[in-house]
């Protein structure tokens, strides 16, 4: 279970409220790169963790930290909205370039929340929990977490570069640092589990003898002219040390697929009930109707 | 632009059609771990790739391969549905345990597609392109791709273990092998870009001097009893070689947040228009109404 | 910010694991009546609260409690899945009525999570944060919370009635009790804010003199035969004490709406560019084309 | 079944078309506080109503009224778009502050509808019928309806305050009045059903002797410093007259949850197949692989 | 505005309630082929109709009819659920093949609605108003409506074939007939607007002289072996009488796309800031960092 | 399986990058009228096609072409973003009307993709594969495809009219021409299958003798004043030549629906457990509670 002290993990100050930046900040709350996602992701990974309990514990701590990041960013949004225009008139009187400000805000921050944050992204799309990756495989989850913190830090850096408000830059410098740590942390967890080679391919519990091993370390080219882009992925030992990279032009091995004709009572057209479809369509229709009656 | 030869990359055979397995296979088509996702993800990463063109090329080839995996799995679904019951009566006559089969199918495979695949997951939830991660940062995208192929291989292994149809096991052994390669491939791309240490923290274009570096390599504990789970993430050199892991109990540095009261014309309650809310509520309401009139 | 102790608020025991009940329990986690919704709803209401701080504090405490309910239910799902079949063969050997069990499970609990909970509802639809109601109006939010706890308790009661596992019944008896309290709590908050009459109509900050008051307390009948269902809503003093209920047959006061014809360059059909559309269609098309060239 | 007369319930006039306000109005059509939601919600509550028929009838009439509100607002959107710019050039020539107007419009009102309303909210997110609350419990539904009309009136007031177009203000003064009535109506229905005390806790058909009654009227504090926010919810008789409010610090009663290790064929990592995960990882992998072969 | 008489357009009888069929029927309510979709689609097409008013009127009447079809189907769902099991025990005692029935139901019809219909499809996915096609172009909308009624009748036929309940077959025979008419109706409207040739290509208000006419009537082949599937689409006069069909192998005319390198402050990797990416990566990183500081 | 040559089907040039137009172009990528939709729609129709193989082949070729249109449009978006502002300061210095440009962009094109396209629409709503119509009925699918290409060409025309960039106009003139062809192509396919009369009503495999034929060719009026809009749909031979259009006022044939009362253990209110709900509510509650205990 959880507790709070009602305080912010790090100071949140806004010197010059900017309602358009309030919209941008939404991405860090309810976007796929945002804090709701990581909080819930680490939480569900912890709640469903099977195996050594230390990983569950580690996940649960960081899930709990991320809840506080939602709080920080929601506060930042509200502070950026303190002076937002509530009407077209108010805006015009305050700003010679009219329309511009109200045009650019997240309308729902005015209409639906009364100048506060939404659990949505910068385009107003609500967070959707299908982005909570918790696969039941710890190594897969660690890479999912590295991904979340990488795109999260990319986002935080873009927000940092977008604003010149000193308070916002300070808050973001903290969140960027935490993303640095969390990228490290999940990679360290893979190391803690024995390292990349021991964990790959994921899941490592499936015997590779049962996969079609002639295709396990081959880069496939799909260019019509037969060229294949070369790089570390096309030659040399594989990253897991269990094979050697090669490359080849991809060839069709499976032939043309062929499905049975539609069944007469399956809701298709009569013409679909044979593979040819040729000849006597009207007769087919009549025949089909008679059979059904 | 793209081309096809109308053939399958690998043979797709079903010996004993199983409509419940057809439902399970949907996860590999339209699930977050599925083939539509990776095809579109690699495609959008390629289309938006900035920087050296070889990464764009590599991505585009694999995107093109994944399109063929959608085709294989859609064919597998249709073949598993060849004998599916279309009515409750048909089912009862064919199967002494009644209801069981029609109960367990994806109803839309009967009602909406006429015994074919949907671009949806095993629970019938349509694929949603918010899962197409293409961040504009190549390293972040490579980890996103490792994640996709890890959860994808975990899924393929679970499907392999679920069925004992030899045709399906054969097809899955191929897809599992390709997932092995693709996990390797994206990790190899990071190596190709100079390796993990050179690329971390992502984005590596942000000067770390601007982040709050005292928090960049510290694991934060949020347990009420002050204990902190220890592991590779809490001590030793960091994974990027740029710091040293430590751990500490997380402390609130930001105090209690405080928002301005609601504005009188902002759609809140009158009681919210002051911070105290104490005393003379009725007077407040009357006052507010008068001010507005 | 938040803390945890890694323990459950109330014991979660499952005596006879039932993977179909695991599916049903998902509704209480990721359904619109579920715990993710209330946790996030109270959290966002707290984070955006303007006005007296005690309401923010009250909301934050209960948000924190609800996080622990997600944890309890996620644990209950995982425990109900402990013996779930992973393959069709396993199932058949264990259960003479075959197929039935694997048919009825949430396939993603096997395929996507490795026998753990999802942040989705009982039909596998992921939680969507558009259900987080936080309007910036405290009274509106309190009713939203009463609603959440009412539908939440209805759901918990239905789950209680569905199972006869003693552990699950015990856990649900606790959650039902908490829902009882939370229904009370939000109604008490309205009382704390001065009671129903003082708070209605919501928002009470809008002067009723500006609304079309002849329609403010009238029940409108829309039956073609002119009958109007009578009840407490059609006569007697209104609930806010500010009017008297009446009822009347609804009449059209606004006439037929009329929009301008389509603009020639607006992407409509040429026939839509006049209100009549009569006569000389071909001429119209030619004329329009000439004008554009 | 339903009928229409093709006329508007109340006049809809726009004196100065404002395409940005057309975007704001979308929230009242397809937003979670909007008219599609209430129309469908009351409709589904009516269609599924069990018990005394007068409640079904009352719901059906108001559902029918709300359909007409969608019509009014859709008309208002179209009228606000009459002069909207269709191209960047048109805009620049018409408006010295350039870009501003086209920037701020709902692009789909131009691109997807040809200057008409969408069934979406002010951010362009389509209405999603998961917001149609119809629980099968009349009292729960009445509170859901109070909620809908409260957030609906808050929204209408914010729109009223945003515009100074006399026609729009007039239309909104009518909708605000109807929201006043509908808040009253659903509360009156609870009174009609015997009042709050008789209906609480919802559902009142569950014997409270079966809930964990020691927790039924206690406010739980989750602050780390042990403080508990006091108010009407923490002392005095409960709102249903069936208990007495108290408050207490929340304590963990359930201990640490513990799940079984991952099954060898469940798609986890080998390291997860024991609780310790310590020692001999490579041996574990080899052992697991052998067992599977 | 709208009216009702509280009666069903056509009788709805269920002789043998079948909760699994109740799930199937959901597709006809909240599925993409269902009644909510057509009701809202015709409504929004009417509300936004520009041009001759008779089309608006025709649309509005049929929209109103479709509202009654939602009512019929929602009633059919509730009647099919009258004897549905509410618990695992109840089910077992009633049915020797256990689990099967509760397994196969839409869990939310029990848990969320108390044995009534949801505005969702047969897989429990809520209706989403993005399926309401109302383009502002009458001819495009007529084809959208033919599509809706075609997939709608296909669905109704599949439901008819699935059940042998006489009441349900009778109700569906009515809905199938109405779908027949509605397919005809929308095609008749195109005829009423001057017929196919006059309306094609849609929109007919765009001068074809401005399109790249050499590609306007050519079928493009994308097979790697250069074959092109022949049919009515590859030769003979075009359907609009304005061209002649031909076919050709598709060739790339646009060359390789090339985007600018990533900007240094754009959140990419340093390696992306040049097109080559070759040489001196570490130097690049250092340089970039210095430039930023 | 699929192949690529890495080249664009048609040149994509942008002379004056316009980040607001980049937002508009998103509709043609990820909107319901966009290229992802048609590519996936034709693909799934092909993959599930039953009946004569030529239709499968024809669909597959065009699906493959559409993949290249996604590529073209994604490139167009990236090129329109080349000079987009990344910060508020940058924008102000470049543009005297400040805020306007950053206000109007799709924030996620900056924050989430680093100046590239998203698989989302012009409002930032991600593409959702429920729009992939593949019904298993070829004729229904052909009309769905005509619809897609009609709304697609309407959209492309609106985009063409919105911009005056010569490169963008050139690209759009190509896409408009392809939409012209594709409208023709799907109509030609219906002709190829025997023409409209032979294919209607869809599905033509259902014997019309089983539908309620008295309603199969009658337009229903739902106006309260009994008027019925007349047109081609209300008189004359039906479009399929199998009936004669008529019109009539719609009448209720089904009476008032009546559901059973709520079950005592179904989670409703006690008052719902009888049809009257009259008298002795408290007694009912007590009785119900006793029965349950």
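To keep things simple, chains are lettered A, B, C, D, E and F as they appear, and every chain counts its residues starting from 1.
Throughout what follows, a residue touches a chain if its C-beta (ideal position, glycine included) is under 8 Å from a C-beta of that chain, and two chains touch if they have at least 3 such contacts.
Since we're looking at a predicted model, the values are computed, not measured.
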Task: Partner chains shared by subunit B and subunit D (touch criterion as defined above) - done: A, C, E, F
Task: Same or different contact residues where subunit F meets its copy subunit B, judged by the half mark - done: same
Task: Chain pair, A-B or A-D, that carries the greater number of C-beta contacts - done: A-B
- [ ] Provide the C-alpha centroid distance between subunit A and subunit E, rounded to the nearest whole angstrom.
- [x] 26
TODO: Could you list which residues of subunit A touch at least two other chains?
DONE: 1-9, 32-33, 47-48, 50, 54, 57, 61, 64-65, 71, 75, 78, 86, 97, 100, 103-104, 112, 114-116, 120, 123-126, 128, 130, 135-137, 139, 151, 154-155, 157-158, 161, 202-203, 205-206, 208, 210, 222-224, 250, 252, 257, 259-260, 262, 265-268
- [ ] Name, in rising order, each residue of subunit A that touches subunit F in their complex.
- [x] 18, 20-21, 23-24, 27, 31-33, 97, 100-101, 103-104, 121-125, 151, 154-155, 158-159, 161-164, 222-225, 250, 252, 257-262, 264-278, 281-282, 285, 288-289, 292-293
TODO: Enumerate the contact residues on subunit E facing subunit D in the complex.
DONE: 1-9, 30, 36, 40, 43-44, 47-48, 50, 57, 60-61, 64-65, 67-68, 70-71, 74-75, 78, 112-120, 126-130, 132, 134-137
Open item on the list: Applying the document's contact rule, which stretches of subunit C touch subunit D when the two form their complex?
Closed with: 3, 5-12, 32-33, 54, 57-58, 61-62, 64-65, 71-72, 75, 78-79, 82, 86, 114-116, 125, 128, 130-131, 133, 135-137, 139-140, 143-144, 146-147, 150-151, 153-154, 157, 160, 173-174, 176-181, 183-185, 187-189, 191-192, 196, 200-203, 205-206, 208, 210-224, 228-233, 238-240, 243, 245, 250, 252-257, 259-260, 262-263, 265-268
- [ ] Using the touch definition up top, name the residues of subunit A that touch subunit D in the complex.
- [x] 1-6, 47-55, 86-89, 97-100, 102-104, 106-108, 110-112, 114, 120, 123-126, 135-139, 193-194, 198-199, 202-210
- [ ] Spell out the part of subunit D that touches subunit B in their complex, as residue ranges.
- [x] 154-155, 157-158, 161, 224, 265-267
